[in-house]
Amino acid sequence: MWLNVSTLPTLIFSLISFLIVLYTIWSVKSGKKFKIREIPGLKAVEEAVGRATEMGAAILYTPGWGGDIQRPTTIASMNILSKVAEKTAEYDCRLLYPTHDPVIMAVAQEVAREGYARAGYPDRFKEEDIFYISSSQFGYAAAVDGIISRSKPASVFLLGTFEAESLILAETGNSIGAIQIAGTDSTIQLSFFIVACDYTLIGEELFAASGYLSGNESILSSVKAQDILKILIALFVIVAMIWATIDPSSTWWKF
Amino acid sequence: MEIGTLIAGILTLAIYTFLYKDNPIYRVAESWLIGLSIGYTLVIFWQTTLVDNLFNPLFDDGKLIMILPLILGLLMFSRFSGKISWMSRIPIAFMIGAGAGVAIPAMLYARTLKQVSASVMPLMGNNGVFNFEALVVVVGLLSTLAYFYFSREHKGVMGKTAKLGTYFLMIFFGTTFGYTVMSRMSTFIGRVDFLLTDFLHLVK
Amino acid sequence: MQTRIPLLVCLISGLIMFAQYFSSHPVAKSIYENVLEWWQIIFAFTLLVGVAAFIKTNLKSISQKKDAPYRTISLLGLVLMPILALIGGTKIDTPFLWVFENMQAPMQATVFSLLAFFVASASYRGFRARSIPASILLVTALIVLIGRVPIAEFISDSIPKVGFWIQNYPSMSARRAILIGIGLGSMTTALRVILGIERTYLRGN
Amino acid sequence: MKTRWIIFAGMFVIVVISYLMSVPFETQPSPEIQKSFDFFESLPESSVVIFSFDHEASSLPEIQPIALVMLRHAFKNKTKVIGLSLFAEGTAIGYRMLNKAANEYGLKYGRDYAFLGFKPQHISAILGIGESIRRVFPEDYLGNSTDTLPIMHGIDNYDHIDMVVTIADGDRPAQWIEYGGANYNQQIMAGLTAAMITSYDPYLASGQLYSVVGGLKGAAEYENLYGKRGSGNRGMLAQTSAHFYVIVLIIIGNIIYFRNRKRQGRG
């Protein structure tokens, strides 16, 4: 069987989603403007970089132990890194980026280098500040904890996919008084970030943030597409609910 | 006492000194842990990935298709030469592209479609009794989705709904926190068990 | 060419992996398994790049007498494991496993257990009833926490039940909404990657 | 002195003291634990089960009491156990726990139990066992040919295995269910860290997962049924006190917050 029938709903939904994304991208290209509502964690990004400059301290940015480069969250985090790198270049503020994944390291070096170049200070970029530090979950956590307590960054960015190390890093960051901006797609860790960090980008906000910050129109238009899909989903749920109440034996809404 | 237990006990205590503050004892343990764990990862990947999955199939079994991942892997080293360093983007593009291809249907199914249909429940039970839970779930879902609606300011009806959504989010965060605390305690109890039983012999 | 070839590779591999999901044909299945294997292989090679950079930075620090003792300890650990593995293998009762079991594993478990302390300090600080949302956070956390303690049943039968109800209905509905949002965000990001619109990872926008 | 330090010291003292006091933890076993216990209790002599150690070394504190009590119970009822691992770090740990429990009953390696070691590519390993165990594991962990082990006599795939018990801290049980369970109708039982329990509720509800023994609490309940209290029981008291401590900290945090606010309001 070339087509697995049980995946058909996913295929149909994927194709609908593609059409909507392509439509919004096209309509932005043809001049339509979309705006994104304010996200509190985002305003804080600029503030966090500014604070580090004032204090003459570093910024620590880490994407967490749970992700790899194949994960869309990591890509979203890279977009934010690109903007943060541009700012740290402008303000001549040190950017430390420890990671557990060598591929993420390789990509982050390119992204940050480009950010520094865009800001007009390619010579301020230090490749060795974006480094690989052990793939072991708690080896990574011990190392980042050590770096935080020694380099005393003014701001800590925890953006990516985190697992149990989330609170170990966030509490250490808190103990040295850093402003902390976290964001992740790991639902369990979100609760720890909410409790321990100053700002938390919840799930999809992380994706929207990468569009907002970079001002990239294609990202903004796909945020719009996500919103359209959310409306469709809400309508679906309401209709299915009424249907199921009238006809409890119905199953067409089950996937 | 076994020498291994002695060492493990000392290293355990060395890590705990970090709770007081960063200090040379912690730093020695931390540096040792970083070194060992990188070395460990190297050995494991060498054995289970490069030898078992690449060299053996390629050189012993003559599985020629494995030349492709070998080339992709080797291209990563082009980073060290200025001129052809762009070639390291090919394996990265492969990983990211293939990852994105897998992610679209997997994410849409497990994270979206599955969750949508799991939220649908009849508002009336078989016995004709109103199903309060079904209402809570649908209100929670729709208001939280409104919170995640980005292309409009949260004002008016939208603002109120989104605000209700934040309350549901807080309930979720409180619940997860509460449920996770227990297992976080057990990791420490495990270390206490080791320290008291094996290291200090206070518990038999 | 420097961007075009990677973009083409990205597009093709993305489309193939997208398509294989919808097929149960053995060919599709084997493509999927192969790609999983290739990821690991590329990762393993990149690991060498990462480790080389790690060694280089550490040697540089040592030669500049910056944190030299600690950097030396890290490097010693790094070379020790492969040497032990070469000499005695990695199975049971080998020096390699001895070092893992008596040094690396206990330290990793101890770092993990720091969480118990951090949960305590975060709980003290992070649950103050500053606002309505913060109070909701506080109250649900308390109900669930108390409901999990064996003695809760003696105080009142309903505490664990309420905790359970909260988890299964209001909390679950918010979790679903978060997951739906993440699903949509991931999908659009992945789609932009495949189509080559998203190319931050290829140096800049 | 910083508040942090007081909080940390309190945690240390509370857990150590409550661990030293050995108070048995009396509770009704939950239905899940009872079901797991009954399964082993009613298994005919010389049945064969697989224990798969699918976890990392750092989860050992929670995993060990669960695995040990289940292994002891199996060995007590003369069930034969084949151990293996689909997560590299679980390998040596699994082997040690298997040996420890088996030695308590004076059992013989190769005849009463065996350990096949680690296999990467877990999905193909799970599917492969459905065809032939000895093809997936030609040699055991110690390097013996799997064929020569007496325990393997007449055992070659899921048809001859009464239960797969996966001891895990991540998503391996899901793969056992989705590949071993779905394709070969193999029954799966899971020993899980407390954090993972809720993730497997849907599988339990649908019957794809036979039962779960989860967290220290699960281990303690199982120990009570089994009749010999071990580290699960001991840990439960410490866990409960630590848990209480967190509740108290949250309350104190709020008291201080409201007192300060009042004071500021006046000033």
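For reference, chains read A, B, C and D in written order, and residue numbers begin at 1 within each chain.
FYI, a contact is a pair of C-beta atoms (placed from the backbone, for glycine too) under 8 Å apart; a residue touches a chain by one contact, two chains touch by 3 or more.
On a predicted model such as this, the values are computed, not experimentally measured, just so you know.
Both subunit A and subunit B are touched by C, D.
Chain centres computed from CA atoms place D at the largest separation from subunit A. Pairs C-D and A-C differ in how many C-beta pairs touch across them, and the larger number is found at A-C. Measuring from the averaged C-alpha position of subunit B to that of subunit D gives a distance of 20 Å.
Averaging C-alpha coordinates per chain places the centre of subunit A 14 Å away from that of subunit C. The mean-CA centres of subunit B and subunit C are about 3 angstrom from one another, to the nearest whole unit. In subunit B, the residues that touch at least two other chains are 15, 18-19, 27, 29-30, 33-34, 36-38, 40-41, 44, 49, 53, 76, 79, 89, 92, 95-96, 98-100, 102-105, 107-108, 112, 116, 119, 138, 141, 145, 148, 169, 172-177, 179-182, 184-185, 187-188, 190-191. Shared interface positions of subunit D, defined as residues touching 2 or more other chains, are 4, 8, 11, 15, 58, 60-61, 121, 195, 198, 242-243, 246.
Multi-chain contact residues of subunit C (touching two or more other chains): 18, 21-22, 37, 39, 42-43, 46-47, 49, 51, 54, 100-101, 104, 107-109, 111-117, 119, 121, 123, 125, 127, 137-138, 141-142, 145, 148, 167, 175, 178-182, 184, 186-187, 189-191, 193, 201-202. By the touch criterion stated above, subunit C contacts subunit B in their complex at residues 2-3, 5-7, 9-19, 21-22, 32, 34-35, 37-49, 51, 54, 69-71, 73-82, 85, 90, 96, 98-104, 106-117, 119, 123, 132-134, 136-145, 147-148, 163, 166-184, 186-187, 189-191, 193-194, 201-202. Within the complex, the subunit D residues that touch subunit C are 3-4, 7-8, 10-11, 15, 25, 27, 57-58, 60-61, 89, 92, 95, 117, 121, 123-124, 141-143, 198, 236, 240, 242-247, 249-250, 252-254, 257-258. In the complex of the two chains, the subunit A residues touching subunit D come out as 137-138, 175, 188. On subunit A, the positions that touch subunit B within their shared complex are 7, 9-11, 13-14, 17, 34-39, 68-72, 75, 103, 106-107, 110, 133-136, 138-139, 142-143, 145-146, 149-150, 164, 187-188, 190-192, 194-195, 202-205, 208, 223-224, 226-227, 230, 233-234, 236-238, 240-242, 244-245, 248, 253-255.
Against subunit A, in their complex, subunit D makes its touches with residues 4, 56, 58, 195.
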